[in-house]
Amino acid sequence: MKRFTRMIYKNPDEMVFGKAKFPVSQRWNIQIGAGYVLPEIKVAPVEGSEESKEKMVSECRNITQSACDRAVAIGLPAFMLEQEHIFQQTNNPEWTAECTQIQAETLENYHDEYDIKISLRATPADIRLEERSPGLRESDYDNKVMESIEASAANGASDVAIETIGGKSVSDYGIARGDPKAILFGIGVLGSIDMEYMWKRIVNVCKKYDCRPAGDTDCAQANTAMFMAGGLLDKDCSHTLAALARAMAAARSLVAVECGAIGPLKDCGYENPIIKAISGVPIATEGKNAVCAHSDLMGNLTAAVTDVWSNESVYHRQEMGGTTPEVWLQATGYEAALMNTALQTGQEKVLRDLYTLTDKYRDPQGLVLAYDNAYRIGEAIVKYGNDPYLRSRAAALEAGAIINEAVDAKKMYLTRFERDSLDSALKIFEGLPAESDQFIDECLRKYSRKIAEFDPKSYEL
Amino acid sequence: MKRFTRMIYKNPDEMVFGKAKFPVSQRWNIQIGAGYVLPEIKVAPVEGSEESKEKMVSECRNITQSACDRAVAIGLPAFMLEQEHIFQQTNNPEWTAECTQIQAETLENYHDEYDIKISLRATPADIRLEERSPGLRESDYDNKVMESIEASAANGASDVAIETIGGKSVSDYGIARGDPKAILFGIGVLGSIDMEYMWKRIVNVCKKYDCRPAGDTDCAQANTAMFMAGGLLDKDCSHTLAALARAMAAARSLVAVECGAIGPLKDCGYENPIIKAISGVPIATEGKNAVCAHSDLMGNLTAAVTDVWSNESVYHRQEMGGTTPEVWLQATGYEAALMNTALQTGQEKVLRDLYTLTDKYRDPQGLVLAYDNAYRIGEAIVKYGNDPYLRSRAAALEAGAIINEAVDAKKMYLTRFERDSLDSALKIFEGLPAESDQFIDECLRKYSRKIAEFDPKSYEL
Amino acid sequence: MSYEELENKMDQTFIAVRYNVEIEGAAIKPEEDLDVVNIIPTEEPFRAIALAVLYEDRDASLANVEKALANDIPPIDIINKGLMKGMDAVSLLYTKGFYFLPDLMLAGDGMMEGIKECEKVLGHKSETKGTVVSFVAEGDPHDIGKNLVVMFLRAGGYEAIDMGRDVPTVDVVKAIKEHKPIFVTGTALMTTTMTVFPKVVEALQKEGLEVPAIGCGGGAVRKDFVESFPMSVYGVEAYHAPKLADAIVKDKKTWKDLRKEYADIVGEFVSEYS
Amino acid sequence: MSYEELENKMDQTFIAVRYNVEIEGAAIKPEEDLDVVNIIPTEEPFRAIALAVLYEDRDASLANVEKALANDIPPIDIINKGLMKGMDAVSLLYTKGFYFLPDLMLAGDGMMEGIKECEKVLGHKSETKGTVVSFVAEGDPHDIGKNLVVMFLRAGGYEAIDMGRDVPTVDVVKAIKEHKPIFVTGTALMTTTMTVFPKVVEALQKEGLEVPAIGCGGGAVRKDFVESFPMSVYGVEAYHAPKLADAIVKDKKTWKDLRKEYADIVGEFVSEYS
């Protein structure tokens, strides 16, 4: 496995939505990152659809057909449909097979009739449970995940993505207690180890089919921190600490690309701009059109360098304006159209900068993901590119420096809680050992004892 | 009453979002059209809330509080809350009073605590029924509407708006049958007559209070046409005819301003850009963040010269990302933030042009509302400014010319249905009498007979 | 860069595809459509009568009917073999996407004109497939959807009693008692007026009355709401109304069947019914 | 214009106001907060024990408790007059917005450590306000919400049985039989796993079992869904859990009461309960 030790982008200004250094081609005449932005639609299966395979297949078909109907009704030239599997789909790979197949068929019909460009993303669920022996590796659940990935690839998915959960037990502990060391260990070390285990296999499976290995997000860790951080007035997780967690997540999610994933990276990876800067792969992101799913503090900023623009996920039901697959594809479709107009008229950098500046100082989490700062974090990562521990730590330190500079420049203002937790985290990180082995040893000793769910065997430690 | 016979804007390029020639000031430190765009949130009361005054009051309070909570959670500097009354509120003015009061109180608390700028818009329902004697004038329903407007003004609304329905009986007939003459009569003549009747009284009521008379939309007519026109593949109303109806609607909705309404004009008036060009008042509009309510074919274009950006209306219920007042305020709030960033950085004209060009050629309805074309239609209207009939006709002819020029330039492509209905409508309009009286006479003779609901007495004809 | 310069840089199809234009086939004469050929009678005077409806020519329609009546053609035949066949063809062309709503409305006007002439000779109302009662919920002024429903029902051969809008719930119940409809259609466009539907059902149940089905539709009405009380079925498109009525009349379907078989009955994918 | 130039033109407060910073009051010492003064005992050694919890000092907490036990202070008093008071103050500061979740977690760790010491002396588990069973629905891996619920319940003086995540429904029923909880909390973050809740209720009903209430919460769970079956109440925030439990234990509230009085019971505006 080749680690990234240099940046693919030469400077941040090169980065812009709709264009990636390494565009991806898929069936049905789709190119991603090749000069246009694709809108994405994703809808959660309705309650009850999990009761039988037939219901789930019909649900998947219905979501697909509604999305297609609206796409042609409003003239979208292209779109991506993602299906995030629920437990039952992944746990029963034949469900995966049939669901994927009906979706592929439906999409192909529209492609044939209207010449519309379509991409189908399948996202099997990572149903592994660390606390249930034998844990993350070679358990029954682990096998089902791989079988489902293969069933997706074999039955018409244009690409597969996943949100793996390696290291979650430790990072959860760290996030809830504001313990920066646990977060670094959970994300930077354990997360990266598990990524390698998963992604080498995923890439091998995809090679057998006309299906691309896309990417993985640190939903289980950095998004948990972001969720707990919540709005400006919430008090469950410091927003500066969440910003550091995000920076570390980039070092972790990069591993998928190092194993052969080619993008577009999955939508809920808010760390994706950093990975794009490092590796040049196209990315999916979400923001102001994902308010149905959750509230973030950077609804525009996340569009700045995106290639696929997503609604994250929404209940499957009726709105006054149509069904939710219709309504939310229209939402992301119109935003993508705006970006494409900018690309066509050569104004993409202006729009990118407006997107960015709208949220750059709304919250420290947005600040570190502004494309210029994302690039800086990327540089910090590749500097220590060969060592997952050191590169996550470097990412966190750089994110801290970025926040502190903005504070000094009187552009970012922090609450006491944010200020204190940042200072304390940076102090801890600065004092950590320079050797990975030593850090791992320390952490194993400390956290194996404190965290019941954490099982070093799941990471071959 | 002074009719507009000259344009307030000297050229289309002067028009941009967030700025109006005549900004409006309201309580709670709000300025509209004074250099920033306000997001608007509107939520339909849940089923069952109509059962009692107590339920409706509690529903209104709840919507308000949720919206405020999210506004401060994501750092919005300002927003507008609109409450569109349902039948029971308007029909029972004491409901209006109490609902408005609780909303004003709740907003004021947030204003006091957070220094957030807020505007409260009340939109009483036009519950008059032309077919139920004595019709639109001096019926019981008519009185209730005025009482509700007064109750809104007296109990804390920052402004009042309304969607009056004069002329609907005839325009409905015309829209369903593709009869351009009926549409012109219904919108241009009957609509304008009824507007005058309503708006002179509304402006007088508002003068008594710290409440602004805002505006009126042609929802009942032009939006009905737009709704029937639907998506690209729908077949209920020709999109070219809907475009002409929209142009006529501008001539009709302008009457509110001529009677003393000062804006921001109400969100669902897609004709508002034309009226802004003519009169300089600020406007509310809706588009890509109103997909919850309906699908239009110009989700970005409608933002180009807006001052208040609305979600139209959504079910009151839970999303994964919070309650709908929260979620949809966040949606409009983030878009308004983008526009405000553009204003701050001097890039507003670039963003305006991107918004416009994204939809200019998606559909003929968007084409005629692109700000340059909206301006042209405005010029056609003021040229015949003193005559409601002639100015609506001129608006329609100009809209037709705009579409035909775009077709000739090979920028707009029409279906046969659109082509034929446009040709036929323009031919009919060109052949109409040059005198209002003669046109009215002809129409009275023709449509009184054919349309059971139409009652000339409602228009003093 | 100026607006014009920006505009000139654009390739519009990159942003928005006008699929309506893209997929439009060649223009054909309506009577040459293969399915229409099978519907329009070959025998005169019925062919001329049907074609006048197909061509939306109200005057010609009237003249044809008058001539046929003068020639002692039975009014029932004029209606069933002529006017209705023309309208069937029109409906079909609408479903196929060649005809548009105004075509339907104008053809319908022509057909109704002809039927009225025939009824004058008959001395009574002509037979219909059945009676339907249509209303807009109390407190609701939105009536275009209802108007379309009524139009489609009439075009489909039903007698549709149009009760108008903002109709007091008691009046709806009264009308149901009076007309004993095979189907009731209710339209509401607001969350706060769709609550009338369960009230109608309750009132009917109290009086021990039943109708095969109440179709509830309109802008803000949701399927989950409509299915939360009995006797009702969620209606999606106005042109589904006669198909639902047909299913009731011809296939004796109940509201329970309609809920289950909706998409099959209307013969197309309906997003709300997966 | 370059990115930097654009950025330099901006007045950020025009776009986004950092209300968290704007409304922040002056820093105060936790023990000087007026409400905290009323909670923390003045008498030693209880004051020192409570303050150690308030300061989230696990080592000091343990040392204080050991000293007090050595001095023959009854373990029950150490828990109730010392440790729990400290935790009450911490919870209060969290509610007031001065303390944050990590404070709660760390103070909780300190408290638990102290309680364990006391229990060693007691020879059995200390009395709690009651037992609660907490689980994450079968097929659902999301567990942070549940972890918070468990933490808040424990901080509030309840024995919370943490069953983990992806818990087979039969095991939940078994645990309820075994522990006879005064309250059950279920967490599900997916539309397709929240359907476990009514199944639990059904299983209980089949066996003729009842619990005062099952609180159902989590990301994708909606109130309307939870209220579509009996015995359940929709839970919004994790810190509401002990308040709901208190209402059950102290005020004998049933699930029906909880549904009706939720906002009052938790003492704040709750958007989902208007």
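Chains here go by letter, A, B, C and D, matching the order in which they are written, and residues are numbered from 1 within each.
Here is the rule we use: contacts are C-beta pairs under 8 Å (C-beta built on N, C-alpha and C of every residue); 3 or more make two chains touch, one makes a residue touch a chain.
No experiment lies behind these values; they were computed from the predicted model shown.
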| item | value |
| --- | --- |
| Steps in the shortest chain-to-chain touch route ending at chain C and beginning at chain A | 1 |
| Where chain A and chain B are represented by their mean Cα positions, the distance between them in whole Å | 40 |
| Intercentroid distance (Cα basis), chain C paired with chain B, Å | 30 |
| Interchain centroid distance [CA atoms averaged], chain C/chain D, Å | 57 |
| Averaged-CA centre spacing for the pair chain D and chain B, given as whole angstrom | 48 |
| Touching two or more other chains - residue numbers and ranges from chain D | 1, 6-7, 10, 15-16, 18-19, 220 |
| Residue numbers of chain A (touch at least two other chains) | 44, 72, 74-75, 232-233, 315, 320, 322, 326, 337, 340-341, 345, 347, 350, 353-354, 357-359, 362-363 |
| Chain-level touch network, classified as line, ring, star, complete or other | other |
| Touch relationships between chains, expressed as pairs | A-B, A-C, A-D, B-C, B-D |
| Of all residues in chain C, those that touch chain A in their complex | 1, 6-7, 9-11, 13-19, 22-23, 219-220, 222-224, 269, 271-272, 274 |
| In the complex, chain A residues that touch chain D | 13, 44-51, 86-88, 91, 125-127, 129, 131-132, 165, 172, 175-179, 224, 227-228, 232-233, 235-238, 315-316, 350, 353-354, 356-363, 372, 411, 413-417, 421 |
| Chain D to chain A touching residues, read off their complex | 1, 3, 6-7, 10, 12, 15-16, 18-21, 24, 27, 94, 97, 99-102, 105-106, 109, 139-141, 143-144, 147-148, 151, 164-166, 190-195, 220, 225 |
| Chain B residues touching chain D - in the complex, by the definition given at the top | 36, 58-59, 61-62, 65-66, 69, 72, 74-77, 113-116, 317-318, 320, 322-323, 325-326, 337, 340-341, 344-347 |
| Sites on chain B touched by chain A in the complex | 44, 70, 72-75, 230-234, 287-295, 297, 299-300, 313-315, 319-322, 326-328, 330-331, 334-335, 337-338, 340-342, 345, 347, 350-351, 353-355, 357-359, 362-363 |
